[in-house]
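Listed next: structures, encoded as structure tokens.
Next come two complexes built around subunit A: one with subunit B, the other with subunit C.
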Partner chain A sequence: MVGGALKGARYGLRDWLIQRSSALLAAGYSVLLLARGLWAHPHSLAQWQGLFHPLAMRLASELFLWSVLLHAWIGVRDVVMDYIHAPALKLALYGLVILLLATYGLWGTFIVWRVL
Partner chain B sequence: MRFSIFRYNPECDAKPYMQPYTLAIDPRNHMLLDALLAIKEHDETLTLRRSCREGACGSDAMNINGRNGLACVTPLSTLKEPVQVRPLPGLPVIRDLVVDMTGFYNAYRSIKPYLINDEPEPENERLQSPPERAQLDGLYECMLCACCTTDCPSYWWNPDKFLGPAALLQAYRFIADSRDRATAERLDDLNDAYRLFRCHNIMNCVDVCPKGLNPTRAIGQIKAWLTKRIL
Partner chain C sequence: MRVGSRPSGQAVAGSAARPRPIYLNLLAIRFPLPAVVSFLHRVSGVVLFLALPFALWLLEQSLGTQEGYARAAALAAHPAAKIVFGCLLWAYAHHLLAGLRLLAMDLGFGLERRAARRLSAGILCAGLAAAAALAGAWLW
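Our next item is the complex of A and B:
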């Protein structure tokens, strides 16, 4: 079959949609945060922390955090898919990026839920 | 006029080089292909493809002053001297301006560029309404010159996996055809991180298409079809 060599990974649409929807979520959160910031106009660290205190805001922050991380994962993976062709190096880079993003995720989650 | 033309004969050259030529030609009334053929009269070793010499066949696609285009429809008066003429980028060079387009055609073949319809054949022909026929405008005109695909960085990095803008435009041409019955299979085949989704919408293809077609829009339509299918 002619197309045999042209077959690749079968996860195109899913990741493309995740990238776009995570961008929309992140944009929505940014607008929400800006609006809340302008509305509340915090002058002190305590007031600033207060912005993030409500449960709904924490959940939104958590969602934003993982949206950005997923978005970053697909974006960086795309760059690696484009330019890196050696399988071992590719795998090593994927692993490194996942480790880094997972660390950011856990660290960010800790920060979001520590705000009391 | 002064020209600098890419030369490479793998049988005797260790590596490619740019050969300067000077030609007495009136730039106001001639296309680049006229100049190249005049040069070839003096130096018959210069090798290039050309056929219809009026922008219909796409044989003489090449890189002209850093930009892909057809030599036969590029007026000499628009070109800065010395005119740098190179083969299409990203494809193996067979000789001088002639490139090996096997990979390009393999990508094209893999999208099954023909109508698939197992329904009983009608008496005369499969009819289309004018609006259905209009869906093919901006798609059927592609002559596979490869200007777009060889100007696409995603194709340069993954020529064996990414289909490239020309094949994807053709893929959409058959998805958009009301007479075709293999839409689902075509979409299944394209839903792939490499085949379709290496396109990052940088639109070099739109910029260089000698026919003014828009492969990026066709690729966007394929993504829209894929998305609609799961909603």
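Our next item is the complex of A and C:
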């Protein structure tokens, strides 16, 4: 196409797909954890740790963690985009959010794999 | 003043001089239910984002040591903390349900006005009910 037909950054479809698939993954994990929690009904540290202990559960938790972080990035970016119009402030906020989410990712990974 | 209560541009006898709104006064607009659900979806999303470090901290504490577990349990027993946890449970439940509504809309469901209203009312109620049930099961 020549002319004005190809304007925009064209990251819309990719972000839409990431937002939706990460949401489904997180929703699935929520149901899984809720079911396990209701089933086991942990009342001690050992039982509480046992909920997150199996390898499959750790992998699921890690996937959940990164799904939530990617999902949060797209959501918060959209909110910032809607309300903050000064370019410098907008970019600064993007940077801050990325830094925070990356930190949460490393922190969460540490928690997931540390469980005894 | 209600904005948009009459199709704009339609001349009504005697009210031709009726001033049209030149700005959007959020307090004057009556929001339809889907708009309320959608707005709360955004609000709950921001709340959950802000709650992330506290959730991670609590998880780290409670899963780490016996002292941390006891500290987390003591915190969860505090009345003020229960209110905060209850609100966060609602934010999670509402965000999840309102998100499923968006997925349904992607697939073409719930677009017609009556269906959209009914679905939105259902989501508002279900979100509150889910939060109340979870809070009742774990916090009280």
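Quick note on the criterion: the second predicted complex is superposed on the first by the 110 of 116 C-alpha atoms of A that agree within 3 Å, B and C clash if a C-alpha of one lies under 4 Å from a C-alpha of the other, contacts with A are read in each partner's own complex, and residues count from 1 in each chain.
In this text, a residue touches a chain if its C-beta (ideal position, glycine included) is under 8 Å from a C-beta of that chain, and two chains touch if they have at least 3 such contacts.
Computed from a predicted structure; not experimentally measured.
Engineer: Touch test for A:Y83: subunit B only (first), subunit C only (second), both, or neither?
Structural biologist: A:Y83 contacts subunit B only, not subunit C.
Engineer: Once the shared chain is lined up, is A:Q49 touching subunit B (first), subunit C (second), both, or neither of them?
Structural biologist: Once the two structures are laid over each other on A, A:Q49 reaches subunit C alone.
Engineer: A:L13 in the overlay: touching subunit B, subunit C, both, or neither? Say first, second, both or neither.
Structural biologist: first
Engineer: Which of the residues in subunit A come into contact with subunit C in the complex?
Structural biologist: For subunit A paired with subunit C, touching residues are 20, 23-24, 27, 30, 38, 45, 48-49, 52, 68, 72, 75-76, 79, 100, 104, 107-108, 111, 114-115.
Engineer: Using the touch definition up top, name the residues of subunit C that touch subunit A in the complex.
Structural biologist: Its residues touching subunit A are 42, 45-46, 48-49, 52-53, 56, 59-60, 62-66, 69, 92, 96, 99-100, 103, 106, 137.
Engineer: Subunit A touches which residues of subunit B in the complex?
Structural biologist: Per the stated touch rule, the residues are 106-107, 109-110, 153-154, 157-158, 160-161, 163, 189-198, 200, 223, 226-227, 230.
Engineer: Using the touch definition from the top, list the residues of subunit A that touch subunit B in their complex.
Structural biologist: 2-3, 5-13, 15-17, 78, 81-83
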